[in-house]
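So, here's a batch of structures to check.
First subunit A sits with subunit B, and in the next complex the same chain sits with subunit C.
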Partner chain A sequence: MAKYIIKRILVAFPVLVAVSLILFIMLNVVPGDPVTVMMREHIKPELIEVFKERMGLNEPIFVQFGKYVLNALRGDFGMSYKLKRDVSALILEAFPHTIKLAIYAALVAWFIGIPAGIFSAVKQNTLVDRAFMSFSLMGVSLPVFWAGLLMQYLFAFKLGWLPVTGYYSPKYYVLPAIVLGWQSAGTIARLTRSNLLEVMKNDYIRTARAKGLGEAVVVVSHALKNAMLPVVTMMAMQVAGLLGGAVMTESIFGIPGLGRITVDAMGTRDMPLLQGSVLFITAIIIIGNMVADLLYAFLDPRIRVE
Partner chain B sequence: MQNSDILTLNNQSLPPDLGLPPAEDIDAELLDNETMWDRIKIMLRKNKLAAASFVVIVLMCLAAAFAPFLTPYEPNKTSLKDRLAPPSREHILGCDELGRDHFTRMLYGTRVSVMIGLLPTSVAMIIGTVLGLMAGFYGGKIDFVIMRLADVVLAFPSLLLAMVVSYTLKGGIISIFLALAAVKWARTARVIRAQTLSMKEKEFVEAARSLGVKKSTIMFRHILPNCLPNLIVLLTLNIPESILDEASLSFLGIGAQPPSTSWGLMVFRCKPFLFEYPWLAIAPGVAILIFVLAFNFLGDGVRDALDPYLKD
Partner chain C sequence: MMTNLAANRAADRITDIESGIQGAAAQEMLVIKDLKTHFFTQKGVVPAVDGVSIRIPEKQVMGIVGESGCGKSVTAMSILQLISRPGRIVGGSIMLDGEELVGKSVRAMRDIRGDKVSVIFQEPMTSLNPVYTVGRQVSEAITVHRHVGKQEARQQVIEMFKAVGIPEAERRFSSFPHQLSGGLRQRVMIAMAMVCQPKLMIADEPTTALDVTIEAQILHLMRRLEEKSNTSIMLITHNMGVVAEICDFVYVMYAGKVMEQAPVFELFDHTKHPYTKGLLNSIPKPTEEKQRLYNIKGMVPNLLRLPKGCRFSPRCEYAMPECRESEPELYDCGKNHKVRCFLYQKGQGGGADE
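On to the complex of A and B.
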């Protein structure tokens, strides 16, 4: 197991470095230099050169990258052009909001997705199965931003049950969590269903039934344990995705999380903030996927052997 | 058909709850000389939802192609007296904040979605296929470089990577094209590489090699056709994803730029009027949902139908 963990970490690390390099190059070759963005139009051309020199923008790109990485390792991602504050501080401020939203959304996804998947598999090819599967396919097909608007209109404006935007109490997170969770619930339901159906074909399930065990016992305590392995991995990956990926949901519901600051940085062409937040999000997802892999290996010894 | 009769009979003669899955209709009809396309045809006949989805997709593509003939209005012609007009006989979905006919703009928006669904996806898949074939066939350093690059691309959340690419290229439809193509090749490459690896060991490739057939011919004439089922399945996954990504990017204001139209952009532009004129923002979203859902239902059916080919 230890060998497997080390191997998996050794794979993740170069990817992280490559990701940051690609990101750095892409964001730093943009035409239109940051000084103009920072100072707006009214700045003398001579001054631009002075600032460029001072900010180290005239150095070769790999030197700039090297400096960036060294600083990033110390937790310094530079300063936001627009907000004139440390990028790392801005990210740390935004992250708790994203964590909260991710947890709520994950809970929605699990409480809907797993039972829906189990029911669909047990009642395979019935109306219940079709209804659940259509519902979950709808979750995957739904444009998140539009679903968000629709819910705001329906539940916040028309019915007045919930607030439209904001982040002041758990009530504010209900709509965003449903919007975000539905999507993940769809994936989880489909995965649970297909895995359960696969497992139910095994001989040991037939043996369990032949012993005269009730269908519920067979499904829950014999089949489900094995069927859930890939689902658990998927869940871990989704949490990583939710932690980093609630870009649309956060912008619509006005939650100042990571996704929101990324979109804002994009809009104001605030390069250091964009770079810092995208890098942070990607790192979370890479690490999350690594944890998912390790979790899988931990739960299923067969993986560790190869 | 004898074949299928025996299968059904066997299935009926067994006690019902032995845990055996019911013989699926599609498999029961599988004959030896059946092609992939036959299986898809059978699936379309059996799976009503997939068939209906197919019809919806064809209709929407036709609507995109013949948009000018389906509406008397121009998509960009403003008319201040019709500003935010509610749905009426003349304007089925009313008019937007500049008095442009909303339905007309949605029809033209279909073009963007169809194009985005097909063009960058196809480009990305062609690139991915060639790279995947090369990685699987040559192995060694080529394989290592291509696959590590794919790993890096797949490590990015695709929407964020697309955002960064559009940031670099300053937005617009072209940058969405490039952004989506840059993101989507990696998955194709990975799948095709795996398929190539297993095909490389097959006798027919060995035979071609011993006859001295050129490497490129082996790759494209002998191995590629065997990747077709995988490619079709990937296509059914990639198209709806690309359509959704375009809509999201346009909604964030980094995709299609006004005055050109796109469903995502229309939702974005009509968002401020959500509470007074809800139909404006809701209608384009419904279009996105129907289009993407149709692709997903069809894709689901196709995946089921091609299942035996994929296990190869």
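On to the complex of A and C.
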């Protein structure tokens, strides 16, 4: 087990290097350099050159990249051009907001998605099933920016139950968590339902019934554990995705999380900050996938390493 | 040649079989009378089991033989009332040890399943839950019906594992199904079926998924367990060799009806129904060098469009005009042998016999 984890972590490094290289090239290809974006049009062209030289932006891109990687290995991810602060400090400041939102959203997704999926499967083709499934379909297909704005309008502006934007108390997280969680809940409910229906056709379900077990025990103990294998994997990856920052949700609800600083960094061509946050998000996704694999092995004895 | 096969059985079995022929004297464990299980599909009503009567005396192995789709498994599942929709029992009676099962509540049926009536299924691989240890799955059969602790259940399971010949029973208790061979998995299934000492064990093609050497072992194991306990066995198969190996009495089913029923030796030695003859002729004979294997012409009829008269008449070599007009009853031919065929109507006895 430990060996497997170490192997996965070692494999993660080349992935991180590759991601930052691609990002580096992409940022050099797109028009607009950080100095011009920061200084706007009133600045003299000579001054731009001076700044570029000073920031090392005139060096060949591979030299820039090499320096970046070497510094990053030492734990130095550079300074934000715009905010003039350490990138790692900025990320660590933003991350708790994202974690909070991710946890709330995941709780919404699990506590709604899983029961909805089970009920739908057990009551297949009934009104309950149809209602749950339409609701999930809406969650999956409504764009967050639209659902988010509508909810803000209804619950914050019209009804005044909840604050519109901000991040000052748990109350502020209710709407963003529902918007974000609804989406994941929809996927979870649909996957749970279809897997459970599939598993219920298996011979071992007939065996369980033939043993004299009640229908509830058959579903919960014999079917659900098998049906949840792919669902748990997906849930782990969803959480990784949520921890990587929900760009839309954070922007709409004014939460200064990872997604927000990444988008802001993109707008200002704040390369060190953008690099740093993208690398951080990549690392989280890699860890999420690893956790998903480990969970799968933990739940399914057939792929457990002897 | 079937007699040869049957003669391979241990000599002491013969006496049992003879007592089976006298049949009527023995206590009846299961009496199915005129059972009708129909499936209500969009295309119409499918009479999968259409007036089947079966009796199994105590401590006997009763075989149900027939092609796929003849209603043998549906008959068995009707006993447990595990018929999936749109099927349901529409008539008849199922008496288990004097207790009527048809019309029992869901709750009451649950208490019977696994306790008084248990099942072994065809596919030991898919019939065990892959995410639980086999020990846990067998223990569950005990704990759901008996008030015993986990430890005691574990002890009983290990005892049972030993009884069904699972080596290293303690270690195997915590094995997962995928870690066991097909034969061992089927032994686990048998252990699960026997652990509550049921009155009736239904074996639905228990050896079809196994290779021939394992098949013989499993059949002998079932026979041995049946002799040691008070359990009757209902063996569903399409394999006449399996029937010859362990059954005392045989029912031959075709398109939802019993076509012929007789004690096993009587059936093999004095086969009467043309369908049964066809089944027996389809078995390759090691003594004959035939190019092609015999097969019964035609196909099992669509139960939605059953032929008029005898259900087998379109495929029957001996079919007479009246066979296509009206349906024959089960005619008694003596020696506990009954045949649903006009050839054996009173006064015509032995028409197609030899």
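The rule is short, and it goes like this: the second predicted complex is superposed on the first by the 269 of 306 C-alpha atoms of A that agree within 3 Å, B and C clash if a C-alpha of one lies under 4 Å from a C-alpha of the other, contacts with A are read in each partner's own complex, and residues count from 1 in each chain.
We adopt the following convention: a residue touches a chain if its C-beta (ideal position, glycine included) is under 8 Å from a C-beta of that chain, and two chains touch if they have at least 3 such contacts.
It should be emphasised that the depicted structure is a prediction, and the values quoted were computed from it without experimental measurement.
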### Query
Touching A:247, do we find subunit B (first), subunit C (second), both, or neither?
first
### Message
Touch test for A:152: subunit B only (first), subunit C only (second), both, or neither?
### Response
first
### Message
If you tally the residues of subunit A touched by each partner, is the higher count for subunit B or for subunit C?
### Response
B
### Touched partner set for A:27, first subunit B, second subunit C, both or neither
first
### Message
Contacts for A:65 in the overlay, against subunit B (first) and subunit C (second): which applies, first, second, both or neither?
### Response
neither
### Query
Which holds for A:299: it touches subunit B only (first), subunit C only (second), both, or neither?
second
### Message
So in the superposed three-chain picture, is A:209 touching just subunit B, just subunit C, both, or none of them (first/second/both/neither)?
### Response
both
### Message
With the touch criterion stated at the top, can you tell me which subunit A residues are shared between the subunit B interface and the subunit C interface?
### Response
206, 209
### Query
What residues of subunit C sit close enough to touch subunit A in their complex?
80, 82, 110-115, 118-119, 121, 123, 126-132, 137, 140-141, 144-145, 176, 178, 189, 192
### Query
Which bits of subunit A are touching subunit B when the two form their complex?
14-16, 18-19, 22-23, 26-27, 29-31, 125, 134, 137-138, 140-147, 149-150, 152-153, 157, 197, 200-201, 205-206, 209, 241, 244-245, 247-248, 251, 262-263, 266-267, 269, 274, 278, 281-282, 285-286, 289
### Task
State the interface residues of subunit B toward subunit A in the complex, per the touch definition above.
17-22, 49, 148, 151-152, 155-157, 159-160, 163-165, 167-168, 170, 240, 244, 247-248, 251-254, 264, 267-268, 271, 274-275, 278, 281-282, 284-285, 288-289, 292-293, 295-297, 300
### Query
In the complex formed with subunit C, which residues of subunit A make contact?
202-204, 206-214, 217, 222, 225-226, 299-302
